[in-house]
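After the structure tokens below, expect a handful of questions from me.
For reference, chains read A, B, C and D in written order, and residue numbers begin at 1 within each chain.
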Amino acid sequence: MKRLALLSGIAIATAGLFAALAPAADAQTPRKGGVVRMTAPYASSFGNLDPHRSGRSQDGQVHMTLHRTLYIWDSAKGAPALELATAATPSAGGTVWTLKLREDAFFHNGRKMNADDVVWSFTRLMSAGEGFVGARWIRLVQGAVAVEKGETKEISGIKKTGEFEVQITFMQKVEPGFLFYNMSTSILPKEEVEKPTWATAPVGLGPFKFKEHIPGSRLVAERFDKFYKPGMPYLDRVEFPIMAEASARDIAFRNKEVDTSILGPVQYVAYNNDANLKKNILEVAEVFTRSMVMNHEVKPFDDKRVRQAINHAINTQIIVERLARNKAYRATSWLPITVPGYDKDMKPYAYDPAKARALLAEAGLPNGFEFEWTTSQNESWGLPIVEAVIPMLAQVGIKVKTKVVEVAVLTDIALKGEFQAYIGSSQTGPDPLQTLRCYHSSTPRTSCNVTQYKNAEYDKMLDDAGTTDDAARKLDLLKKANAHLYDAAPVWFFNYNKATLAFQPWVHGLQANPTELVHQYPEYIWVDATSPAK
Amino acid sequence: MKLRANLAIGGGLTLLSLFVGVFGPWLAHTHPIMDANLMNAELPPSGEFWFGTDQQGRDIFSRVMYGAQISLTVGIGSQLINTAIGTTLGVTAGYWGGWWDDFVNGLTNLMLAIPSLIFALAIMAILGPGLTSLMIALGLTNWSYTCRISRAQALAIKSQGYVQAARVLGYGDMRIMFTQILPNTLGPIIVIATLGMGGSILAEAALSFLGLGVRPPSPSWGSMLSDARETITTAPWLSLFPGLAIFLTVLGLNLLGDGLRDVLDPQSRSRR
Amino acid sequence: MLGFVIRRVLQMVPMLAAIALLIFVLFSVIPGSFATGQQDEGLGLDMAVVARMRAELGLDDPLYVRFGAYVKQLATLDLGLSFRSRQPVADMIAARLWPSLMLTIAAMGFAIVVGVPLGFIAALRPGSLVDLGLMVIAVSGLSLPKFWLGILLMYLFALTLGWFPSFGYGNGGLYHLTLPALALGVSPMALLARTTRAAVLDIMNADFVRTARSKGMNEYRVVVWHVLRNALVLVLTTIGLQFGSLLGQGVVVEKLFAWPGVGSLLVDSVFQRDIPAVQGCILVITLFFLVINTSVDIAYKLIDPRIRYT
Amino acid sequence: MSINMPLLQVENLHLSLTTDAGSFPAVEGVSFEIARGETVGLVGESGCGKSITALSIMGLLRHPLGLSGGTIKLTGQEIQALPASELRALRGKRIAMIFQEPMTALNPLKPVGRQIAEMFVLHQGASWNEAEKKAVDALTQVKVPAPARRAKDYPHQLSGGMRQRVMIAIALACEPDLLIADEPTTALDVTVQAEIVDLMKELCAARGTAILMISHDLGLVTDICKRVCVMYAGRIVEQQDSEQIFNNPQHPYTQGLVASLPRLGMRALHGRRKLTEIAGVVPGITAYPGGCRFNPRCNRATEICKQVVPELEPLGDGSLVRCHHHG
């Protein structure tokens, strides 16, 4: 549980604030009433208010407010926690799970949620002919794929075993919390989804009910009095002003027009330099690993020595410090800090151009080589980083041609393998096993093995970790696999993102969520009387 | 008096920009990309770094010097494309008339109907960010005025005696268009191109802001300004200098365009 | 007159059809796709979901099938369903239309109310310091990148002075509208000042103004009775063209100020490859452009008795 | 006010053109008088300064042209230095003007009736309603058919002759003492020219209005006017009675003008000849030759003509001539 300690440590040290999931730790008692205005920073609009359909982080903010899932992510514990499910009992070697459901959860239309809603929601996600984003979390359920292919209407692996109980059979051993905390598996009311108003006026189980949406400007939700957690939510209203433009967000936050603002590296430094603003920054190590992905089907990236040489040739530390402005944790290997399997004793690749040159010479490239580096314009894992790396690689004789593309195109290029190397950000958690599978030789490029790394020894470690029932052995295997990746250097390990959220001094109860910091369960948030918003 | 002030200030500023555009790399202290030195990040202007340094520790003065090349290339390149398309279509349409004229007219109206920034945005999304794409995007979207004017000129000149005479002498259509009609359309077209260059430089900045501009290896003024916008409250010099460079260049081009209009295009001269 | 209006309106139809075709062609070759772009940074994709989504959205259909569907839709005045929200694109645009128009009208209003008088004042004293000063301001207004101007306005009027909010739509009132309208309105204001000045100077030298003076009119009456309306005719063209181009320029200002207009919807849709929404937005913006141009033509006819259209 | 006092006295008028390159004399030492009801012509080629002389009488000179010397008296009162408001009160009311180009001299966006009506509103304090009625009367007087309907027409709907009638209606609306007509028929068809000239003559005679007729057409001027002043390059070179000038032109320039004039019966003999048949061209204002300004084109020119500016010499019969070798 070092991980947990570390996480709380960050929250305490930098924000002077305990995660709200442990409200007792907060010196003050939560005040009822008030409004919080949390900026939606990633796009100029919400894409889709239906949680089953959207995988976008920005939409997730709203989904967490209006809807609920069987589990939620407990940021304090760093693990999924029971939510709509009140008990989960495994059987048959962890492949069958019986989930007891809350009997006090009401939809905003006043109807009580029951087992039928769970069955219907999961079946909907797999329904043939429609691409629901949440389907990926249900696909491991037995019979789900048959529904997806249109062969049958019902998922054989999901059974209603009581008014408030379902039994789910999986095709392999799983931890259901890691699947069902995702907002795209929200439990929805069938009768509302089928109404034509569903797309514009969603109804869910969340602590706040939909009030108003001005597309492109803001979404407002107000307190739902029949929410099942006693005394919650505290706030009268949650507002999501949409502000995709960072410079405008900065001014609005300083002008106290919004209560939270996600910070990029530039603003992170600026806010840290301001004595007042500095006090109220929430930081968390997010489960995203930034790296330069090399295509092992392209020479000379098939040579481990070349890949190691690149890791040695780049002064990663100074880029993290100066360019990422310490709004990142230097990466050692693939697994990030908050994920089990991360080894805090592991030392990252040393900046050592001499050694890099030696490795290149050993690989038969004493004069270096040239490659094309595809990048987006993202400030944290895109062009600015590439620009800083280019002169460093030049020192060891490696020449770089850059190819700039939009983010929307980057994914396509990665999935099709049409690259020599690209810089990107990958979600590397919260489930370590799933994360490490991205280098398993059986994983296709289109799933996530974009490097096409193939190594039998590594495959075996992962297979063993997947089947063992011994938690300690599993953790050990994960650590070993992670160490193996360090040595194999399938990518240039750059950093793990440090998400930083500035908040106004009157806001309390924010959660340091490592899966995505803007994702806040709003029932825990409260504002004290100094809040100017009415 | 006014007329000369326009030409003098506008011409002066434009010459300065061109000078920097051509000789920028020699004026620059350091290389704009290779000399990233993260130890020097975000220093305010000083004796060593006249315009300060940016987030990557690069000398902003040098980057502004290099940036001139990119921004002016975008401006000049896109206007060359515009002028080529516009005059070719316009002169041929006016000279040949008939279905071709109808077609060109339709095309011109079509281009005028789509706001050019939006058209450019679409083309940039298709071609991907980059210098060439930008020149093409801005070059494909702003030729309607050039086309209209050269068409009108061609129509007017076509019926004049010397063109008729040239035809009688057996001059080919191409030769007549190039030697008789084109030179007569030059004045107004130079004016449009000059004003259009300023427009292109601003459009480049707007597209950079939207995330579709010219991106390095070489910095353009628009992308520098766009990158610096987050630090406007904390390190204003990052945006001030590229902003001023854009402002002065476009101001110069606008004044020069106004001045040239008075000289080259007396029909539309508005002053006494 | 009515016949003229009907003719002009009918002329817009083939234009819109051509634009619809152009947009279709452009966006059928755009790289990237909604199905692979619908997840944020680094979130792994489920290829089965991507495949189903592509099938559902018809992204795998051959070009002619997609084109057929597109034509069929447009023929029934349907803009299709947005990939993102699965809502009718027409509804999404409808929600954004008024904010966009309001912003454009406010910006244009500012441009006219400030720019035209400035041009007038400058033209009445050509060559004077006032003239020079006003024209330098005007050309400067034309030479500033809009987003930079916007940020400077925010910084000054929101953060430093606290007069206006820095962003957002509020309830669509003047309080929230002012800064974005200013940011958008400065360049047409500058252009109008310049055009007005040139137009007034032209008119002031016209023979009929000399006639008016020879009648013994004072300058005030000369201007009000004879110059104003004639200059307005010349300025009207610029107003019409600027109005249309503001709908395009609005993209930048809407994004900066988080103003919920069609422009910001368009930019978002382009980046997320929500093609039906992109096509819808461009069509609607173009339609408005055409409507405004047509209205300007009609206004011309009302103001200028010389103009006869066939 | 003596009955003998001339209506208009222009004395030693100097007008100059100011440019970046300096100041140039456009009109030098021009003097003439017009009595009440008299008709006087001012003849010369374009650019000789006749039009700006007219404009200076109206007080309508605008930068870069300006008055640099001399006086203009209306019934003995100096008007060239009057404050703008007093000058305005004279304009239109006591001195009116008709311009050359009736298309552009009328506001294209206003019905012509309204443009006439302005005169009554300005000078007689009439209401718009009254004024528009008076405008219809004015149109009747200038013999516009269907005046009530025409009053609502815009200039572009009228023919050139009609437009000039409207201009005459405007000019004579307030029954001025002096009408300045600047090439009133030049832009018109030959057939219409005579009608307009007759109309002007008739109306002015009826009102006792004096006419200052400005034209390059000596024939036209002598037809209307009792007296003719010939201008060349900013100076009056000859002043004579209309009747005499044909028979006895004194200045070589006038002689050239007369010779080039197609006279009844003569055309068949000499064929059509033009004014420009005087050899050479009119010098530009910035390049006036020294001495007599006509000397480079004059076949009588001698050394003195290049050195000394000839004075305007009275010839005894009231005629004046500016030539070293006149006769």
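Definition applied: a contact is a pair of C-beta atoms (placed from the backbone, for glycine too) under 8 Å apart; a residue touches a chain by one contact, two chains touch by 3 or more.
Being a predicted model, the structure only gives us computed values, none of them experimental.
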Most central chain, Cα average position: C
Which of C-D and B-C has more C-beta pairs touching across its chains: B-C
Inter-chain centre distance, subunit B versus subunit D - centres from mean C-alpha coordinates, in Å: 52
Between subunit B and subunit C, centroid-to-centroid distance (C-alpha), Å: 21
Length of the line joining the C-alpha centres of subunit A and subunit B, rounded to whole Å: 44
Multi-chain contact sites of subunit B, meaning residues that touch two or more partners: 1, 125, 128, 211, 229, 232-233, 272
Where subunit A touches two or more other chains at once, by residue number: 247, 251, 254, 405-406, 409
Complex contact set, residues of subunit A against subunit B: 246-247, 250-251, 254, 264, 266-267, 270, 273, 318-319, 321-323, 377, 383-384, 387-388, 390-391, 394, 402, 404-406, 409
Contact footprint of subunit A on subunit C as seen in their complex: 31-33, 35-57, 84-87, 91-92, 95-96, 99, 151, 154-155, 158-159, 162, 165-169, 254-261, 264-265, 267-268, 271-273
Complex contacts: residues of subunit A adjacent to subunit C: 42-45, 47-50, 53-58, 129-133, 135-136, 139, 148, 199-200, 214-218, 241-245, 247-249, 251-252, 254-255, 257, 288-289, 378, 381, 405-409, 411-412, 415, 424-427, 438, 444, 446-448
Touch list for subunit B against partner subunit C, complex: 1-2, 5, 106, 109-110, 113-118, 121-123, 125-126, 128, 198, 202, 205-206, 209-211, 222, 225-226, 229, 232-233, 239, 243, 246-248, 250-251, 254-255, 258, 270-272
Residue numbers on subunit D that touch subunit C, as the complex places them: 58, 60, 84-85, 88-93, 96-97, 99, 101, 104-110, 118-119, 122-123, 154, 156-157, 167, 170
